[in-house]
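The block underneath contains the structure these notes are about, expressed in structure tokens.
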Amino acid sequence: MTPTPNWLRRRGAKPQPADDKLWEICPSCGERIYIKDLDAQQRVCPKCGHHFRLPALDRIALLADGDFDEIGENLVTGDPLQWSDRVPYREKTQGDRTKSGLLEAIVAGFCTVEQIPIGLGVMDFNFRGGTMGGVVGEKVTLLVEECARRRVPCVIVTSSGGARMEEGMIGLMQLAKTSGAVERFGALGLPLVTILTDPTTGGVSASFGFQGDVVIAESGAAIGFAGRRVIDQTIRQKLPEGFQTAEFLLEHGQVDMVVRRSDMKAALASVLRFLIAKGYGAVDVARPKSA
Amino acid sequence: MTPTPNWLRRRGAKPQPADDKLWEICPSCGERIYIKDLDAQQRVCPKCGHHFRLPALDRIALLADGDFDEIGENLVTGDPLQWSDRVPYREKTQGDRTKSGLLEAIVAGFCTVEQIPIGLGVMDFNFRGGTMGGVVGEKVTLLVEECARRRVPCVIVTSSGGARMEEGMIGLMQLAKTSGAVERFGALGLPLVTILTDPTTGGVSASFGFQGDVVIAESGAAIGFAGRRVIDQTIRQKLPEGFQTAEFLLEHGQVDMVVRRSDMKAALASVLRFLIAKGYGAVDVARPKSA
Amino acid sequence: MNVIVELEKPLLELEAKIEGLKKLNETQRVDFSAEIRALNEKAVSLEAEIFGNLTPWQRVHLARHPRRPLAMDYISKLDGFVELHGDRSYRDDPALVAGYAYLRGVPVFVLGQQKGRDTKENLYRSFGMAHPEGYRKAARIMRLAEKFGKPLLTFVDTPGAYPGIGAEERGQAEAIATNIKLMAGLRTPIVVNIVGEGGSGGALGIGVGDHIAMLQHAIYSVASPEAAASILWRDSTKAEEAAMRLRLTSEDLFEFGIVDEVVPEPMGGAHRDPAKVVDAVLAADARALDKLMSLKPEQLLDRRYEKYRKIGAHEEMVLDRAAR
Amino acid sequence: MNVIVELEKPLLELEAKIEGLKKLNETQRVDFSAEIRALNEKAVSLEAEIFGNLTPWQRVHLARHPRRPLAMDYISKLDGFVELHGDRSYRDDPALVAGYAYLRGVPVFVLGQQKGRDTKENLYRSFGMAHPEGYRKAARIMRLAEKFGKPLLTFVDTPGAYPGIGAEERGQAEAIATNIKLMAGLRTPIVVNIVGEGGSGGALGIGVGDHIAMLQHAIYSVASPEAAASILWRDSTKAEEAAMRLRLTSEDLFEFGIVDEVVPEPMGGAHRDPAKVVDAVLAADARALDKLMSLKPEQLLDRRYEKYRKIGAHEEMVLDRAAR
């Protein structure tokens, strides 16, 4: 991985894992890998190529050329349901902050990818399983709206178990809220490219995840609508080999391409460069309402 | 059936069948039916409800309230390929004229259906198996263009084996020509309703047949793209029960409804009345280019 | 077993007894009117006792009551309903009914999630859980509604989108995502009715609109209580607790600004007087449409955008490096 | 067996002999140049003899020649081709390749019907016969081309749309009908290349455009000769006769105004010099695009409409009641 960029240094040190684990076991081939080796390899198993989940800041470092101007960085959830089960929701999110080093399950901002200016949102599974509550919905909406104002493409990297239970219907409504922003954005002739990474299910796949003009899936990612457990309980039959993997979705016509992490930046840049290239006719773009 | 309307009397007597058959055998139940009984029953088997094919003029009499103003009624094919196999194409079409009482495989014009003014095109299987050559394409195009000018819905009743072999690529190009007209018509916010009757396959199903805003299939009609023989030769396996019937297509999501002949006029009028009813907002209709 | 069906048993027995007495009163020429009056009073107080203070879990069961009016009970009371079938690509999905009709003379396209009344119909209708082809049929109808300038009326009643192999293979997520975006930008008024169960993204797939009316005892939830319990605690038997926490009742959602109108039900729930409830819902829809039809398309779309734009629950944190 | 493969055998043998002599000439230091010259002259006259006057049926086989350049041979010579997959609903169809690339610096969306080079690949690609999901993938790409203002470049090479149970169940007719209408109104330039077999509606499903270029020895027919013979005479062995009557060569179609440009092939067909043919096709496309890109959308669409509007073959008959 490239040396830590300035914006990342400004954010402060990466969180330390709670336990002082030195290595991880590859769930695919069983290889025992030193964490610092894994991190140096973009968290891809050096033996079998299995893609471990990537924290949002690492993903940004992987895709952005250099600086990253974050937006909505100080938004935190208001706990609208005053939720408390074993542990109050506010305590849970406090734990997620420690675990992920983030205030919420998405980091959004502006950067360039191979010199192409874009808005970039990256979800992080370490924060509440990447679930979408009011803050994720708000930040995605802000990002898309700001991309529209700046007339730049929008890229969203998803990793999410769906809508966040602890915010109830506020969570579900973020599907409609973000979709409204995506709809207006698309009408301007600007591209939304989504990158679905492990895992992308539920409300995030059923909203902006699959609303991309081009939908890229990362190798091996689990992608779908319903979770495996729910499907198991409903149909009580064996699921097919490779069910809900990126490759399975490609075969079933659901995604444009499956890309390995090492090729992701180049693939994304190629798609973006093409979509924004000067083509035929002037796309009928309304002027922005505010600068 | 209602008494012969004026426009039909003006066209002259119906053609007499070449042989002096008095009865037909129902292909579905084997019942022997006197032809005049069959005609009196809209050519529906009184025993099992099997729908025999309906000549274009009978179909118009069934659907139109009264008068029918024909357009393109004197168009005949120019034999662009100078086609001759066992019999020259010009002789074949001469035979079709005698058999069908028509100059070509479609009759097009304007009428009202339950007081709703529409353009109506009706294909006739007795003329070259209802195939589409240059004349059918031209008449469909004229009809759709004239519907656009008059701002009335367009209804097309199909019965066709597809593009006409004897006109070669001129025939195939009618798919593109008619589709161009349908595309412009649709952009005006005016409805195209198609009624697929037995049989509708090949180039007609693959153009305006399935381009209707609402697609109605007549009970029991064979509808599809490829002919059964071609499919048999390609896959060499048993075709499923009821394959390519109207009911099969309904189950597979291809048509909006399956309607019996006796209910067809009411069903069509209901759809048209709804689609043209004053709704929300002014549909952004460009003014016609010429009156 | 439905807990409401259990709860209401003594009430139904009492009512049967009253009916019996009434019949005797008429046929036997014996005067039971005093007894009837007493039993009626008892019934009213029993009803209030049973239904006066339902828990969220009981409300869930009321929303799933086997005799509760279903989508087609509303749709069939519109004038001249005609069903339109198919997604034009794969299959006609009976779990999602589509068509056109007239509401108090206004031509509308209609969508509804339809459960079955018995096992056979439930299998046919997949218990009201639509497959991707159902949502794609709905998308086709939405586009027709826009093209022909007809408002869209939807009736939501689903445990959720169907979770199965074929549904995943054919892109359940994509189908719902497409519909939500389509409804967000549809240039015609959309009135949504939550009449039974509003289950998650499967409900929202026909549930984005300008006016969201919800029956008093319908529920609408980010996930079914069973699924939520399974997701939160890996224990679907904790559904009752989930129901309590999820804030899925009409009162909750009205308070959150997620539903615009709560349509009252008779004491004991919609199934106690279906005809009246159907009328009340359609009357609410007619009022809402009347208002929406007067808006220009741009107003309508701005209003719809703002409606969802403001639903959230975020606070600004004073940035403090130590807190991160 | 391909009749051209048979016909060209003596020529290939002669050419092998010449190659052998050339090698000897270089390595053995014996001068065979006179012999080589004589054999070369013989080869040229043999080539002219074989290919100078092909029948339509032989032309059909030339268009189906196993070594003829296929869609991907053209597409892979565009700059930076990236494949995009899937119809987002059912399946990615390998018979219809989609993606984007640059043609002489111009960003274009690309569609091509791809046959296989061997049995295995042919099974994978369904012999270049697309299913409905292939046409629906194409439709998705067409809409992207319009949304992002990129011209569309298509390469037609198919015996026809796949005729099978699944294809019919999933609406082959609807899929093609949708595409033809979509292309008729698509607000971006469309350049179509008929490079091998143009088979019926299956070809037209990606074949409506502003400029139709056709390789000299490609064919384009209302139905394959075999299917036409079967339809006309219920005898598919009469395909040779059908080929003759159908007027399916580039010369015929240029005369009818159905193709706008015929791209010449080397003597003997495209497979005799694939690189040169691929270059010639892409050069023709670049010229066509250059012209089309200067038109305003309304001009472009009017021109496209008129192009197809005028294809016909009708005469006016003086109405005479007796003749009817």
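By written order: A, B, C and D. Residues from 1 in each chain.
The rule is simple: contacts are C-beta pairs under 8 Å (C-beta built on N, C-alpha and C of every residue); 3 or more make two chains touch, one makes a residue touch a chain.
Nothing here was measured: the structure is a model prediction, and the numbers come from that model.
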item: Rounded Å distance between chain A and chain C, as computed from the means of their C-alpha atoms; value: 32
item: Centroid spacing, where centroids are CA-atom means, of chain B and chain C in whole angstrom; value: 42
item: Distance between chain centroids, defined by C-alpha means - chain A, chain B (Å); value: 52
item: Chain B, residues touching no fewer than two other chains; value: 186, 210, 252-254
item: Chain C, residues touching no fewer than two other chains; value: 88-90, 169-171, 174
item: Chain contact topology (line, ring, star, complete or other); value: other
item: Chains grouped in pairs wherever the two touch, ordered by label; value: A-C, A-D, B-C, B-D, C-D
item: Interface residues, chain B side, partner chain D - complex; value: 11-12, 73-81, 83-86, 97, 101-103, 133-135, 137-138, 141, 161-165, 167-177, 179-184, 186-187, 201-203, 205-211, 223-227, 229-231, 233-235, 237, 239-240, 243-244, 248, 252-254
item: Residue numbers on chain C that touch chain A, as the complex places them; value: 161-165, 167-174, 176-178, 180-185, 200-201, 204-205, 207-208, 220-223, 227-228, 230-233, 236, 241-242, 245-248, 252-253, 256, 258, 304-305, 308-309, 311-319, 321, 323-324
item: Interfacial residue positions of chain A with respect to chain D in the complex; value: 186, 189, 191, 210, 213-214, 250-257, 267, 270-271, 274-275, 277-283
item: Sites on chain D touched by chain A in the complex; value: 80, 82-93, 100, 102, 106-107, 133, 137, 144, 147-151, 187-189, 293, 296-297
item: List of chain D residues in touch with chain C within their complex; value: 88-90, 132, 136, 169-171, 174-175
